[in-house]
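The structures considered in this document are given below.
Two complexes, one shared chain (subunit A), two partners (subunit B, subunit C).
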Partner chain A sequence: MSRFSRSILVLALAGATSAGFAFDHYKGIGRQATPAEVKAWDIDVRPDFKGLPKGSGTVDRGQEVFEEKCASCHGTFGESNEVFTPLIGGTTKDDIKTGHVKGLSSGDLPQRTTFTKVATISTIFDYIQRAMPWTAPKSMKPDDTYAVLAYMLNLAEIVPADFTLSDKNIAEVQKLMPNRHGMTTDHGMWPGASAAKGGIGNGGKPDVKNTACMKNCKTEVRIGSGLPDYARDAHGNLFDQNRSFGPVRGIKTGGAAAAPVVATANAGSGPLDLATRSGCMACHGVNNKIVGPGYNEVQARYKDQPDAAARLALKVKNGGQGVWGSVPMPPNGEMKDADINTLVAWILSGAR
Partner chain B sequence: MVDIVKQPGRLRRAPENFLSEAEVKAVGEGRRDFLRKSFLTAAGAAMTAPMLARASEGDANILQNPEWTTTLGQPVAVRPYGLPSKHESQLVRRESPGLTRVGAASVSFAPLQGMFGIITPSGLHFERHHQGWYDIDPARHRLMINGSEPAFVKQAKVYTMDELMRLPSVSRIHFIECGANTGLEWGNVAVPTVQYTHGMLSCSEFTGVPLKLLLDDCGVDYRKARFVLAEGADGSSMTRTMPMEMVESGEVLVAYGQNGEMLRPENGYPLRLVVPGVQGVSWVKWLRRIEVGDKPYATKDEAVHYIDLLPNGQHRQYTSVQECKSVITTPSGGQALLDKGFYNVSGLAWSGRGRIKQVDVSFDGGINWQATRIEGPVQNKSLTRFNIGWVWDGKPAILQSRAIDETAYVQPTYGQLRLVRGTKSIYHNNAIQSWKVDESGEVSNVQVL
Partner chain C sequence: MATNPMKIRATNKDGVTEVKVLVSHEMETGQRKDASGAIVPAWFITELTAKHNDRLVLAGELGTAVSKNPYLAFRFKGGAKGDKISVSWKDNKGESRTDEAAIA
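Take a look at the complex of A and B:
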């Protein structure tokens, strides 16, 4: 036996042993999470309030926080429909008693607000803490989260104006949620064990039963609804949304309200990209008002004012209201001055 | 010669190439006789004498070799990451005007009306973001696995992309459909084309590690931890609950690959969850954390949204499975057939409960049905392409497709669904879609009960 083949044999044996271990345990992959790491990311709060941080906040404090950090998008009373569907409204004192929002079945609700649907206050606490304010998620301290939630509960007339919400009483408040009995899990669309076996729902039993009839399945064709004319035109020119060759063509429709091609994201580092990254585009369109004025309107207003750039940079940094309406712009204090100046110069030069 | 001219696609060019915009509109509005007449005038007026002479000999595209046949083309790697043809600019992701108020919490729809087979090109995959998308630095991305009780895992662990990509991987083709796909149509017809009725639907080959492998690696106590929470790394840190049974089946993947490349940023680069058969919201993008627990979590997107309103005012909560569904994509709403004669009618079928077994098509609004050809191999919880030949006689017709999955569930009609769920469910509309073809050849969206 040559030296060469002997060493191969030794290697092969060594390989066989370590492979045996590798199957129970992927050695060298992953490491233990430190307690601080788990604490930093494990922020979820369940309906039984597992995960709830300690803290408290009053309705009054909540109003301050809400006006400063939330009202620009949701309206002072959580009623705004501008950026998202309203948070508050549509619930009654009677709903708080019954735990069923009556408007959901009577059809009287013009719109389903957050509080007409949600059964668990834990959900809203978890969500605000994780995702709001929309442009600065995870910036809320627990006490301020309790406070804005207390304010929202007061707006929905679930708690009085002198209420303090805390980790101690939040479970009691959950028992007053107007739609707390409004959920059912009796359906077949949970992809796991049934409720009877510790899971959710009926174990996958569908709620409708069609048959695979092939011939003379019915005597008449009943058309329930057709495409209204306005809808035919509401998505732009369909001709431009189909190939220019092949078995069919798009029909010519619409015009002005073209379904916008989703703009290719600016991968570079231009001002639009900076504005997008800095969250400005959530509230300003280049050519349209969203929460704040369109950049075209800003440019038009200040085009003959040489000192506008400096003033606007300060305004962007500190926030403020009253020039375009009562809705305030939140401060952008954490941004670099150079970036703010770049953005303001870009806006004043037409945001192109 | 006269015969050739009458046949579309031979010497005659498609209407938009020689009709004025107003005239094409007239065609679109159904005045087909007008089309025939104006073709004759257009041909007479626009064609110069030599062109006419040539036309009598045959197609200029054949008689005169075009520049791509007679000159040198471009070298390799001019476009290091290839792009679609410049002639394909029409089929792109689009938003539905008025559907949402801000673009970073919105949807863009995939152009199903022009797509083939079952794989969605990654650049056309539908988008749904709640708080904008990021192109995350993979070197700084981490996946954490922990328990709602520390005792539910032997060890809470952190993995880097380097580590995840060393583990044994699988590649599987699955569809992803937003729970709200076709949601605009619960009450009545609302949108014109299949892009907007069904375009929150895509299908890719995903590559990644079964989540079960990672949970085993952390030593999960499967007797106690029967629920799994997934969480994203974006601003919304989207969270959703799923059943441990699905993870145990080995189907749930922690995926980094999509159609042979890495995930696209809009689809969760560098890591997303793949939950086959379940609505898209559960396929958490930019996946940063998995928590195993003993109870469901009632997160915002399972307690305020993705709950299905019933006529009695109750909401169904934790509805997750995308039930069996299908749609004809060619021809479909907003298109026009160019002429009478043969067409390959083609569409997609899928089921969150497994494989597609059969797809039937009706041309008379559901009175009679014919089985279609299913393009195999049929995959589990994947889009499945079906095709059937059809000769259009120029008369009005209503096209429908009806899918049946391996559990023998038959896709329902609007009438059947509304009887149980009313019209305000928003989510999980899997009704049979109908496309009406009128005498002009225009195809439009209608609902047959």
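Take a look at the complex of A and C:
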């Protein structure tokens, strides 16, 4: 054996040793999570209602909470298509009976809504509890989550106006969900054996049938059409004009000048950290509009107004609407006044 | 044919009442064709009125340009908690509907 191959052997042995460390749960690093820590993270609610907290809420209470925390984005009746797709609509009494939303297959729906798609009510409960409201996720008490869900169910005409939703009767409501039979697991994306054999998947069989071409195949892929060069800049950079979340993206048009602006602020700096922590950056960019205006736009508008800082601080605290379009800014009553003033001063000084 | 109820929510703040209404109506334009190629007959709301107690606060003539299940919101001065808001519409088939809500 040459010296070369022996050194490979040594390297392989060294690799095996370090792999041994890796399987030893990173000895000396970190510690086991305590049961209390695991419990704090373990908030998921499953379709069989495992993990569902105890509690209850009425439709009336739900309307109050919805108006306060949800309506600014979702609309009073969950109908708004302004910021997100509507929550409510598109389901019929017939759908509640059959458990299949007919509009999804007949093409009668102008747009899908949450209630036309979702099959399990536990999913909505989990989502509200986990992610809503956008500016303060995980802040809702179980009773308020039940209440908001009861209000949404009432809007969707699934439960009457005097209904009280609780952990006791949520399973009954599941039997009324308009699209409860609309979910299939008969595809390769779900693990396990087929449903007939007691699993939830189909045994890993893909649901696409891509047959390899064996003769007379195309040798070259040609793109049939595209945006002509003279039209690329006709409306500015399309990429910047699309919202930065959701499936729709614009093409990056124009030359280097039109390349998307990258936030130049130092990631470790205090005010930007504070803005990120407070949820501001979900809607505002430093140099670009997202849902709300970019900080550069805010600064440009208010820089010559001496009382701007006080007025803006009030707006951050109480929310506002109309100055930058119809999408409202939710109130941020939970933020400290000092933090708001820091942020406003930072924004007005150019957000650097 | 039975009509579906409107959803109405009215709130009073600082002497101004804001009313939000979600109307349930097909609002067919008469331009659409069904699967067999026949024109779907026009069916839309022509008149919509809103009253605060018995005072008329909003009157509108709607047409085919308005979407299915229209949403509208408006404000008027006055109104007090518990007052009655009633909204009614008439459509081109001669059907009509009135729904009521109390100011919260």
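Going forward, the second predicted complex is superposed on the first by the 177 of 352 C-alpha atoms of A that agree within 3 Å, B and C clash if a C-alpha of one lies under 4 Å from a C-alpha of the other, contacts with A are read in each partner's own complex, and residues count from 1 in each chain.
Simple rule for what comes next: a residue touches a chain if its C-beta (ideal position, glycine included) is under 8 Å from a C-beta of that chain, and two chains touch if they have at least 3 such contacts.
Keep in mind that what you see is a predicted model, and the values were worked out from it rather than measured.
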Exercise. Give the label of whichever partner, subunit B or subunit C, reaches more residues of subunit A.
Key: B
Exercise. Could you say whether A:K336 touches subunit B, subunit C, both of them, or neither, answering first, second, both or neither?
Key: neither
Exercise. Using the touch definition from the top, say if A:K27 reaches subunit B (first), subunit C (second), both or neither.
Key: neither
Quiz item: Taking the superposition as given, does A:L155 touch the first partner, subunit B, the second, subunit C, both, or neither?
Solution: second
Quiz prompt | Partner chain(s) touched by A:K252 [first = subunit B, second = subunit C, both, neither] | solution = first
Quiz item: Now for A:T76: first (subunit B), second (subunit C), both, or neither, which partner does it touch?
Solution: second
Exercise. Using the superposition on A, tell me which residues of subunit A are in contact with subunit B and, in the other complex, with subunit C.
Key: none
Quiz prompt | Of all residues in subunit C, those that touch subunit A in their complex | solution = 7, 9, 11, 20, 22, 68-69, 71
Quiz prompt | Of subunit A, residues touching subunit C in the complex | solution = 63, 67, 75-77, 79, 89, 110, 155
Quiz item: How about subunit A: which of its residues touch subunit B in the complex?
Solution: 25-26, 29-33, 37-38, 41-44, 46-48, 50-51, 82-84, 100-102, 104-106, 112, 114, 117-120, 122-124, 126-127, 130-131, 134, 137-138, 182-193, 198-201, 204, 206-219, 221-228, 231-232, 234-236, 238-253, 257, 259-262, 265, 267, 276, 281-282, 290
